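As structure tokens, here come the structures.
The same subunit A turns up in both complexes below, where it pairs with subunit B and then with subunit C.
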Partner chain A sequence: MATRINPRFSEELKKYGAINMNACYNCGTCTAVCSLSTTDDSFPREMVRLSVLGLEDDIKTSLKPWECYYCGECTTNCPQTANPGELMMSLRRWLTAKYDWTGLSGLLYKSMSLTLFAMLLVFAGVLYFANSVNFNLEQMLHTGHIFEMVAIGTIMFVIFVPNLLRMWNFTVLKAGVKAPFKTYVTALSDLFVHMFTQKRSKDCDEDDSFRWLEHFILVLSYLSLLFTTVFLNWFGTGSILIIIFGYIVSFLIFVVTVDFVSSRMKKKKSLNKFSQPSDWFFVIWLLLMGITAFMVRLFIDLNILESNKWMYILHLTVLAQWALIIVPFGKWTHFLYRSFAMYFSKVKSMALE
Partner chain B sequence: MKERIGVYICHCGGNISDYVDVEKVRQAVQDDEGVVLAKTTVFACSDSNQTDMVNDIKEHNLDGVIVSSCSPKLHLTTFRDVTERGELNKYTYVHANIREQVSWAHSDDKIGATEKAIHVVKAAIAKSRYAKPLYPNQFEAEKTIAVIGAGIAGLKAAISLSDKNSNVVLIEKENRVGGHTATWGSLFMTDERGSELIDRIYSDLSQRENVFILTGSEVISSKGSIGNFTLKIRKKPQIAGDPVETMEINVGSIVVATGFEHYSPEEGEFAFAQNEAVITLPNFKQLVDESSGKVLEYNGKKIKNIAYVYCVGSRQTEGENKYCSRYCCTSVIHTAIETKKKFKGIQNIHLNRGIRTYGKQELLYAESLQMGDLYLQFNDDTPPEIRNEGKKTVVTVKDILSAGRELEMEVDLVVLVTGMVPRKDQSIGKMLKLPKGRDKFYNEVHMKLRPVETVIDGITIAGTCQGPKNISESVNSALSAATKSFSYVSKGTLETEPIVAEVDHEVCSWCGKCAEACPFDAIEKQEVNGKEVAVINTSVCKGCGMCTPVCPVDAIDLIGYTSEEMKSMIEVLA
Partner chain C sequence: MKEPKIIEYDALVIGAGIAGGETALNLANTGYKVLLVEKDHSLGGKMILLSKVFPTLDCAACITTPKVSEIARHKNITVFTESEVTNISKESANNFVAQITKKPRYVHVDDCTACQLCEQACPVSVQDEYQYGLIGRKAAYIPFSIANPKAAVIDIENCTLCGACERVCPTQCIDFTMETEYYELHTKTVVLATGFTLFDPIEIPRYGYGRYKNVITSMQMEREIAPTRPYNTILRPGDGKVPDRIAYVLCAGSRDNTVGNPNCSQICCMYSIKQAQLLMGALPMADITIYYINIRSFGKGFEEFYQQAKSMGVEFVKGKIGEITEKDNGDLILRYEDINEGVVKEAEHDMAVLSVGVRSNPTIGKIFNNGALKFDPLNFVAQEDLMGSPSKTSIKGVFVAGTATGPMDIPDSILSAGSAASEAISYLTQHQEV
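The block that comes next holds the complex of A and B.
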């Protein structure tokens, strides 16, 4: 059966950040220089071709966009400046939107004004809440803590679980892979290794160990801060160990994200050249999370938070925007999708064996 | 009779000496009658041996020279020139081929090869004894030049000739000049309109006093040869009812620039003439050029998605047109870009067999890619299929760039990118006896070294009558052909090879057999001294020798290959 092409798909993909991919004349240099591409599993040219022709179903069933760690070699060597690296990035954004059953991811990726509006709405909500408890610090801290726990649970079960099931459906079931349950269990180790270490990116030719280390520290620090604030109640605890640990991890988040933001501003590497709003929001809000959490705890320790409640309201705003917009519908999801892609890919290859 | 002959026997590196014992050959011929010098040489054609030969001729006072080496096709002229440098008449030189005809042919039999080589050289010596000095024929040449066809090539050839102060007669069958170019809108690379380009050239040309433009005119017969052609021309009446005018002109050379025709697809070829949405490139170009408004319409239907099927009528695997038409890739990409710029919502889909936008034209391909045109590539054995789904047209193709996957698309228009074919009317070629290549376009003598000359002396070819070309290539060849034609006649006198047939009028009594055998129409019946005899037109005769064996009374001889010379060779071989 012939597959119908959709030449207008490239216009849609451009809204997700794709640049100039139509210039591709199929020389395959990108695939040749890519150190992650193999004979059996080759990209990015194939993904460029599918995108140019608008074969959406094929893209949706493909895990390849997640197999790329954007070293930028393809873009640097492309004779047509068709920017395959940024195309792979855009496909990851597009896929994120496709996996999301609410459809909100797509709307927010494509519209900057809608994102800003949502951010302002959350800010207004925080102010409304603070006002409703008469700016009582105790109550605000307490509700803030509860909010974090509720948000994590809700997002996990309402958004992430269904979205991951959708991803599984697209990339494994619809791709016609039949794997026994045992395979899923055996492959699980891959899921966690990739989730926490980005192991595969070490195979890139342009191996940037420093960046890998930064990313590794950021992942661990972020997860630690999440754990410290939610489960160890950092803002309420009296344990000196927990307090110091919280200071360290929030500081580390701040340091790494400052470097990330500045490299996006300097645009020296190709992966930093074409930042989309979703990229900016992600790193900046992570930075703000680190700094505001650090400051709130500092204000508590200096005993000046009571007279500077705005600091906590600021932190709560950043937190709420992060938890309600960026985590469920923004770039945060790459943490899950990328590692699950590695997992599904392992399952697929095991099933084929 | 030559009495002081020098013989050189070449090793040709080892090409000859590996199979022929050249020293034995030398010894076998060194004492032949008239031979005063016999040498072997590793490479007879080398500069050092050529210098030695010139010195030998003077030192030993030679009156005949023979080189036994490769085919005369390769080095006959080389050694004729050496002979001339030694101040001998170059036609006294005799060549013996002991490579293609001996060493290569008998590499399995060294003794036999050596024996044959000895015979071949001895035969050459026998011929050499009778070889006479010959001198080129000279005659006066008409300086006017005819250009047949007033397309872009013919027009530019006429201007170029006019610039050289040559009188030009420009003959065009149609009632207007400009050929295909005049019918085209925007042209690729320059974005000028074809009609404007022609207007500009024509207004320049029509002001020139040495150019005579005959439109609505056909050449109906041609007589004569280089330097003196007589063309009979029929001019269609300008007003109906007027008598047909015929005239004769004398010209020294002819530039043929009769152009091409667009390939016309067969009914059903890619659904042509069956599906309304299928049109050819020339028709599409006209449609785009003549349409206005925001949306392109064809047959009252709005056009958005357009599929271009490349190489229709060119590079055929089954049909006759094996060649690439060179201009179509660039032309269709240019038109696709124009269409996208001019109308709203156009999506171009190019179904090609590899894009050949060579040279600067590559910029158009790049532009089209940047504009979002889609390129799918198919193999010649799986051409795109066009079918109807209700009122919709669907094109299916196996895309090489997608690992041969079968893809389909719904389109509003299918443009068949048709190439160039030779003119159906081949009367000019037949009349002037121009040879055609396998592609049925007129053929040049040598693709690289004599690219605008034909084997008919005095006739050059320009533009697309020779094969597919774009405008710049046509103009290039036109300027080249004009210069070549001019160079034939510019001196006012012409020289031709002296090796031609010669009739002994004492013996000849005109039977016409020689004229029948002549492939070049070089023999005519004429009255000489009150007697009908065969007369050779020495400017047309090529010296092929077809006439000599058919003469029942042995009245014809070929100068340079006389019966006397040939018989002496046969005697030696027998």
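The block that comes next holds the complex of A and C.
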């Protein structure tokens, strides 16, 4: 079958952050220095090549962008400064947009103003809601709690399940892999291991595993905070254990995200040199989530929330923006796609055996 | 500082490598008096240290030594070795004033018979820079067997002043009272032939040069296969084993922005192919693999030379080496992406040769007053009229020959030297009277 190349694809990919990829002269240094690249799974040069040629279908069926953890060695050592690491990052953004059936991810990735507009819209919505209940704290806390549960369920079934099915369709079915059902079950352990440990990023041998540890703590703290607020009703509970636990995890989120934001500002590692709006929104909103949740609970414990309702409105705004924009259509999804990519990749390799 | 001795020549040629030597000969044969200034102890530059030359496989020493002898014996050429030009100012169109510092050799060259008794007597051993660190030499030594002038040198920095050499010298040519001499040269034209420096692969830590003993540079391999070679066979430096599997890592320090050199060095592909062919002759059972990005065999006879290497059994693998790791037994593992298959691979070799690239020689940067000499972005001498008169520099009356302008091979250096000489001659005839 004839393959049509599409040189204009690079223009599209640039909107997702790709830098200088056309400088690549195919020496393979990036692939050879990559700590994660193996004989069975060699990247990133292949992805650079596919991107330069604009072979979108091949990119869509590939799991390699997700197998990259941006150790940064490829970018540091690229003789042409073609920045393969950032290209892989851009492909992940592009793939996120392609997996999303609503198409909103792509729009928000490409347009900063649209993202800001959506953020403001949500803020207005929160204010409208607060006004409609006459700023009654009890009412707001109750509805906020309900909102969290509804949002989680809705996003899960309306956005994530279809998107993951699309990802499965692109990367497994269209790739022509026929995997028996049993392999999907046996590979499940890989899914959860990667989802909760991100152990693959430990193989980046650039420095110690501090980066992995930070990320690991962040993921666990975030999931714990989610669990504490939604299922243990942190803001309403009387249990001293739950209260202290919530304080600890929200504080940890704050500490780690402050370091993430500052390293993105310092730009020392190649991982942190290029930040798209989606990266900033993700880390900053996570930081805000941690700190506002912490403050709300603190205000409750100090009994001053009633006189400082703005604190809760602030928290609710951050929460709603997080839940309605960043989680379903932003960088949050890498949590799912990365682990599912490792899962599908396991399924693929088992099917091939 | 002592008062400089005033001397006068028609032309000053800086650098006595193959380009400078050729320029000096051309000028001298036309009747002009030439001062040839060389910072090293011998004429011949880098070429005299090479094994053979591509694509003809002629012996480099057999071409260089007669030429060097001719230069040394020419009545119109005066050679200053161990000398550096520290400053040049242009007083008028045909009056350049150059300050020259001639360092002491501590040996009277005319009296030295190169008997090597001083070498045997000297108790100091240091790394031999002419064998690129593969072996040692003494502090009283003959630079290399085909050096010209072939006379001893005292390496005063490492010398312990024990006097052993002085005592054994049958002609009493060793003289520790020699001092630095200063000259003020008045000349009508200047030719720069300061050549290039080789890339130091220590800048690419991934390749392990300096850490892994069996990772060597192409210049070290050049010495190993030259007729005046140090080991008299091919050995890997780590344990003296005769290597069976030799890898060439092309573009080490060339076409690489991470070391600040985006240029192609133009010679590495071909000298690596040449060395591979010579190695197949020297070690018929050895496997030679050349890892490359692109083979640039653009010159006359080059493509045939490349094809010849292939048909001799040299293996060519498309893919740049990403990193080298060492095993306990000194063998090396080279990791690369096989570009034709798109797959990461690891290959084991006994020895890896880094085909190091060409860099500019920074020493001429400041010798001209008020920075009148212009350089290109990679610090090679800028050619003001590249298409029309490639030997002209930004200063009228100052010409440039050979690799001082950028990477080039030996035939091109000779051509460039011819061009610089004829430009200089034309300048001299146009500016006769003072």
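The rule is short, and it goes like this: the second predicted complex is superposed on the first by the 351 of 353 C-alpha atoms of A that agree within 3 Å, B and C clash if a C-alpha of one lies under 4 Å from a C-alpha of the other, contacts with A are read in each partner's own complex, and residues count from 1 in each chain.
Simple rule for what comes next: a residue touches a chain if its C-beta (ideal position, glycine included) is under 8 Å from a C-beta of that chain, and two chains touch if they have at least 3 such contacts.
Small disclaimer: the values here were computed from a predicted structure and weren't measured.
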Just checking: does A:79 make contact with subunit B only, subunit C only, both, or neither of them? Give me first, second, both or neither.
second
Quick check for you: in the superposed arrangement, does A:4 touch first (subunit B), second (subunit C), both or neither?
first
Is A:25 in contact with subunit B, with subunit C, with both, or with neither (first, second, both, neither)?
both
Now for A:42: first (subunit B), second (subunit C), both, or neither, which partner does it touch?
second
Applying the document's definition of touch, where does A:252 land relative to subunit B and subunit C: first, second, both, or neither?
neither
Let me test your reading of the model: by the given contact rule, A:33 touches which partner, first (subunit B), second (subunit C), both or neither?
second
Which residues would you name on subunit A as touching subunit B in one complex and subunit C in the other?
25-26, 49, 80
Name, in rising order, each residue of subunit B that touches subunit A in their complex.
305, 347, 349, 365-366, 369-376, 396, 399, 401-402, 405-410
Within their complex, subunit A touches subunit B through residues 1-5, 7-8, 10, 20, 22-26, 49-50, 52-53, 80
Residue set of subunit A touching subunit C in the complex reads 25-34, 37-39, 42, 45-46, 49, 76-81
Complex contact set, residues of subunit C against subunit A
206, 251, 255-258, 293-294, 319-323, 335-339, 342-345
